[in-house]
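Below, subunit A partners subunit B and then partners subunit C, in two separate complexes.
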Partner chain A sequence: MSTQRQIVESTLARRYARESRFQWYGRISILIGILFLGFLLVTTFLNGYKVLLQTYIQLEVDLTPAQFGGEITEESIAGANYDGIIKSSLRAEFPDVSGRKNRRALYGLISNGAKYDLRDMLIENPAMAGDIRPIWLLADDEVDVFMKGRIDRNQPEANRRLKDNAIGWIDRFIEQGRVEKRFNVPFFTRGDSREPEQAGIFGAIMGSFFTIMVCMLLAVPIGVAAAVYLQELAPKNRITDLIEVNINNLAAVPSIIFGLLGLAIFLNVFGLPRSVPLVGGMVLSLMTLPTIIISSRAALAAVPPSIREAALGVGASPIQTVLHHVLPLAMPGMLTGAIIGLAQALGETAPLLVIGMVAFIVDVPGGPMDPGTVLPVQIYLWSDSPERAFVERTSAAILVLLAFLVALNSFIVLLRRKLERRW
Partner chain B sequence: MRKSAISLVALGLITATIHAHARDHIMIVGSSTVYPFATVVAESFGKTSGFKTPIIESTGSGGGMKLFCAGVGVQHPDITNSSRRIKKSEFDRCQENGVKDVVEVKVGYDGIVLGSSKEAQRLDLTRRDIFLALAKEVPNSDGSESLVPNPYRTWADVNAELPAIKIEVLGPPPTSGTRDAFAELALEGGCKTFDWVRAMKKSDKSAYKSACHTVREDGAYIEAGENDNLIIQKLQENPDALGVFGFSFLDQNADVIQGASIDGVAPEFELIADGSYPVSRPLYFYAKTAHIGVIPGIQEFMDAFTGDAAFGDEGYLTDKGLIPMSAEERQQFSTAVRNRTSLSM
Partner chain C sequence: MNEQVKSDSSNLLEREVVDNPDFVTVGDIAVENPAMTCRDVNVYYADKQAIFDVSVDIGRNEVIAMIGPSGCGKSTFLRCLNRMNDTIEICRVTGDIALEGEDIYARSMDVVLLRARVGMVFQKPNPFPKSVYDNVAYGVRLHGLARNKSELDDIVEQSLKKAGLWNEVNDRLDKPGTGLSGGQQQRLCIARAIAISPELILMDEPCSALDPIATARIEDLIDELRQQYSIAIVTHSMQQAARVSQRTAYFHLGKLVEVGPTNDIFTKPIHGLTEGYITGRFG
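Our next item is the complex of A and B:
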């Protein structure tokens, strides 16, 4: 007896120590994970939130009848030279700026997209024409970066994109209270642009929306039907075993392979156009199908056999058993699988590369047949652009994508809470 | 459920095939170096012309040529960008696939820069230094006419006038056009300064090419991917490293990055434009004549690209870092566009 007790006592301290060490390993791992994630989120957020505000400059814009060929009509408003109007207003502001190079720098204060904004403003509200009036115009991205404090004015002039004279002009606008940072509407309503101040995320959001819709419409019904058949109705034999093994393997195939498959079949055989969300959605649905089938089968398998037996026992046919009893109970699990698959598809770029969705697309797609790109692709394209103002846009696009993913995931959690049954 | 899903797919395919015959936007593929310039033209074209904004994919010069030369028809691209001239083999492939008439347009130049952090000492390199520092095999330093695996570890080993910093160069991978051009202009330029290697060009062309174009793989040259912004960031963190990237990235990051002078010439806008900076290359696009009139706006897009407002001395492309051609050269190519002069090789 005493020897056993001695053994226990002599090893007890070591066993306690081992247990506490093991707990500490776990805690440290979690801490490292949190640190990485926190670092990622904080840097992305610190870069990205600045996009919410965009610099505008108030300019006394000369909209006297002379600018519209003497007469203000609907036609003359649509056809006026707004580029010239903005430039002459800038010249009137700083009459002593002379020389081609200096003038160019002066015109560079205002975004080159402002002329289209001004035209749209006037077409919408023709009553604005006829006077010299103060109008807030979109500033160039260099000005925006400067206003956000990311250009150091103490640097030697040669090292700055924004030269001394431009900073002087901006300072004068600031003194007069005519520079303002406003909520960045264009970022949420426009498509891509090569000018950072005009670039928006909306085109990519719509592209992602159509792509995921197509993906969902194809993958969810096919995946669920396949899972129900395989799990509930199919005979157990070699063929179904083979299919099962293959589905499990497909889930682990790298996504680019599905892209190449899409290129070979959808584009080359069926002759579908490049760069459209329809093809993107079809390719992604190929990719998500295995995930959906596997998780749907797991959900079906989790329904207790007693339910089936009871249904069969009161005389329901196998199909009625499945449709009336098993499927509704397996639904939450199936939906979870479907949404996880779709969330994965939402973040995917590799298969889209080969079917031409990694492209510069300005026009916001209006349907699945219009060329479009998706959010992760937009992030990739912006991260590769030389202009510095794209850094914050890249981060902001990441935040938008994360927001969508969080929304999808919280939807899953809610759904599960609401529908889940425990036995 | 399954049946209806299948018929849905079939329906989608049918309607899509019908749609495919009516593409109304220009499709452009090709070089990632020309991409930042072509996209600016496309965007302004889309806003001003009334045509749809062209769609531009960045596939790399070689990938773009492959797609472009695959055939004539709406499913094939109309224009491909290239950071080098079309190769004879690519041209032949085009001809074989029925792409007979191709308009060649040079749009300007791009300088390739060896940059470093502003905190580092600015290097003054020759192409010979670059070759000796980065080639896989270099001429034996004892003077015998043989190649030995690159023994140099620091810049001072290469050239006693340079600082004794470890050789560490971040640059694009072999799939990149920038890498090709860098090998051809900088490495080969330095390689040719050895007379006996130069003589090899006539006697054994492939040995010459492999001697002059092969970059060392022992860690001194680090493949940093195609993302130039990443290289810029890494340079800021490591002042001892140099990076290889396009001039537009130096232009945008002049407050933190400096470019090494090569053969005594600094990478500055004017010096690249007048041809004195030795490592610069022409940028092109190629258009299919057969698509003009079928896809709306191609001729107008080419006119917009070759207008003085775009690729001229003061055009908006220079703001993005494109180095313009001389007035005569510009004239030559805008005339070629107007006459749709077909390329022959």
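Our next item is the complex of A and C:
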């Protein structure tokens, strides 16, 4: 005959074992999560940080008056053949290189875009002209990749894109201390380019910025207003039930469908331009609206009914009750929903491809009506490019996107802190 | 044996009241010059009827206590008096309820105005998550009852004084109302209700969440407020009803069984069910 105490005691060990087992399941799950996240971040970072430095080569550039048609004027500086200037400077450096193929390889040491940089340099500072002077020019992406140690010179020549002769030339530049890795300003100030060394993230950053702004300005007010109406003011009948079911369904619709909707309505019916952040933001706001409405309604429903009764009891009208009491209390929860929705929108690619934001656009958009692309689409584009230098750019773009997300989240968290005055 | 007989007789009484569609409230439902009159009030939640043909007057400067076992419909009835039941979608009210002769369920009656005239204090203290000052000033501002800041300050101070809270909070008017103790919060809610000078105050078990000391303070307060306001109070506690009210209404399963002066109800109840309840035989 065992007493109640003995019966309970005999089960205790098993109960505690079960508890600790569950704790360990939880810990292991979290550990796995952290491992994956850490792996992702570390590999992305290890690939991406290299983009911070970019290889430049110092060249003795022939800027004698002969290159400017004999006379150095503003006009002749703007119109000079800088491609030819750079090529002849390279030839002067290595006079023994002959044959078209070798020459082309030689010219390939310097970036295709260097001529524009050189022109801009001279337009800005015309005093540089008139002499042969050493100038640092942007190296080609293959040279950059080589300098960053990602081309193994011991491999058979056929397997390398950088051939033996080019490596020889680079070695000579290195010997003379004329190769340098500098902070990669163009990456942070320029738009996209076919040349990896010229490609920058700034166009996509501005595109994402305008797109998210448009999305936020549309989706948050509309979503909040819809949620307030549906939750607080609308009569409960068949029509509102139908609307509710549809909102819940819309939240589960694949995002590319919204892109097609945007294509059909915004572009074809309204005739808005392709590839512009305005349309991108509108499409993304369609996509985020259900998320914002659903979470806002949940936040409104979580406000204790006693507050509503108190307000109604002193004679506040339903709308005053909502605006004065319910909405301020629900605001933090609504903002959480907005964060989730906007973060989702920020990382969205598919619907933007459909409305043409995947186009190759070099110019940095200056407003929501300028054609542009966004960070996730830029990542997609670069990850698809064959040049090896795009690998580090892809990773760097991912890091920029993550930074963007963190910035957006912390902004809204700050805003929420400010509004969260639950006494 | 004796218990058995008592229980049987109260069951019989209950059946007589509940199953009798023509049951008429015992006692005097009417008073002279009432603040509010209710006639044949029926309340339905969807198909289920919660209140059956309740008729009762609420007199001027009197406290009327509504007592009865749980689920008897006394709170439901109280919430009809300022149309708080409007917020419940499935709730339907029939019958006549008139405030100073005006039908409050008439189309012409504005519910915002009605609630400004009929204040309410709830079971659970529910101050707004705002400062003590703003809690009291909210209704005043809402209805534009103060012309300027000093008038508003004055109303807030007077209301808090009437609610007996002024001395405890006058140095922390800008502190959150939700930071006060339970009893203080309930008095704050009373101050909020009286700040807009209603004609009638409804109290739905205002002391059920409070300790005896806070309860005693609120009861004293109700007695003082009677000088200026008419008060209808729902309470679980018969002692409380006996202490604060002049008239008492006893509800049973949605029917108003008996109404009368509190003294009479507690000393010589007419109906058997009332007697059974106040003597603690059931409930």
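Here is the rule we go by: the second predicted complex is superposed on the first by the 398 of 423 C-alpha atoms of A that agree within 3 Å, B and C clash if a C-alpha of one lies under 4 Å from a C-alpha of the other, contacts with A are read in each partner's own complex, and residues count from 1 in each chain.
Definition applied: a contact is a pair of C-beta atoms (placed from the backbone, for glycine too) under 8 Å apart; a residue touches a chain by one contact, two chains touch by 3 or more.
Worth saying up front: this structure is predicted, and the values here are computed from it rather than measured.
**Student:** State whether A:G315 touches subunit B only (first), subunit C only (second), both chains, or neither.
**Tutor:** The answer is second: A:G315 touches subunit C but not subunit B.
**Student:** In the overlaid three-chain picture, which partner chain does A:S306 touch, first (subunit B) or second (subunit C), both, or neither?
**Tutor:** After superposing on A, A:S306 lies in contact with subunit C but is clear of subunit B.
**Student:** In the superposed arrangement, which partner chain does A:K236 touch: subunit B (first), subunit C (second), both, or neither?
**Tutor:** Only subunit C; A:K236 stays clear of subunit B.
**Student:** Go through the superposed model and pick first if A:L329 touches only subunit B, second if only subunit C, both, or neither.
**Tutor:** Touch status of A:L329: second partner only.
**Student:** More residues of subunit A in touch with subunit C or with subunit B?
**Tutor:** Higher number of touched subunit A residues: B.
**Student:** Once the shared chain is lined up, is A:F183 touching subunit B (first), subunit C (second), both, or neither of them?
**Tutor:** A:F183: touches no partner chain.
**Student:** Subunit A touches which residues of subunit B in the complex?
**Tutor:** 1-2, 4-5, 8-9, 12-13, 15-17, 19-20, 23, 25, 27, 32, 35-36, 39-40, 42-44, 46-47, 52-53, 55-58, 74-75, 118, 226-229, 248-249, 251-255, 314, 316, 319-321
**Student:** Touching subunit B in the complex: which residues of subunit A?
**Tutor:** 100, 104, 108, 112-113, 116, 151-152, 155, 158-161, 193-195, 217-218, 221-222, 224-226, 267, 270-276, 278, 282, 356, 358-363, 369, 371, 383-388, 391
**Student:** Spell out the part of subunit C that touches subunit A in their complex, as residue ranges.
**Tutor:** Interface residues on the subunit C side: 82, 84, 87, 89, 112-116, 119-122, 124, 126-130, 138-139, 142-143, 176-179, 189, 192-193, 196.
**Student:** Where on subunit A does subunit C make contact in their complex?
**Tutor:** 235-236, 304, 306-317, 320, 324-325, 329, 421-423
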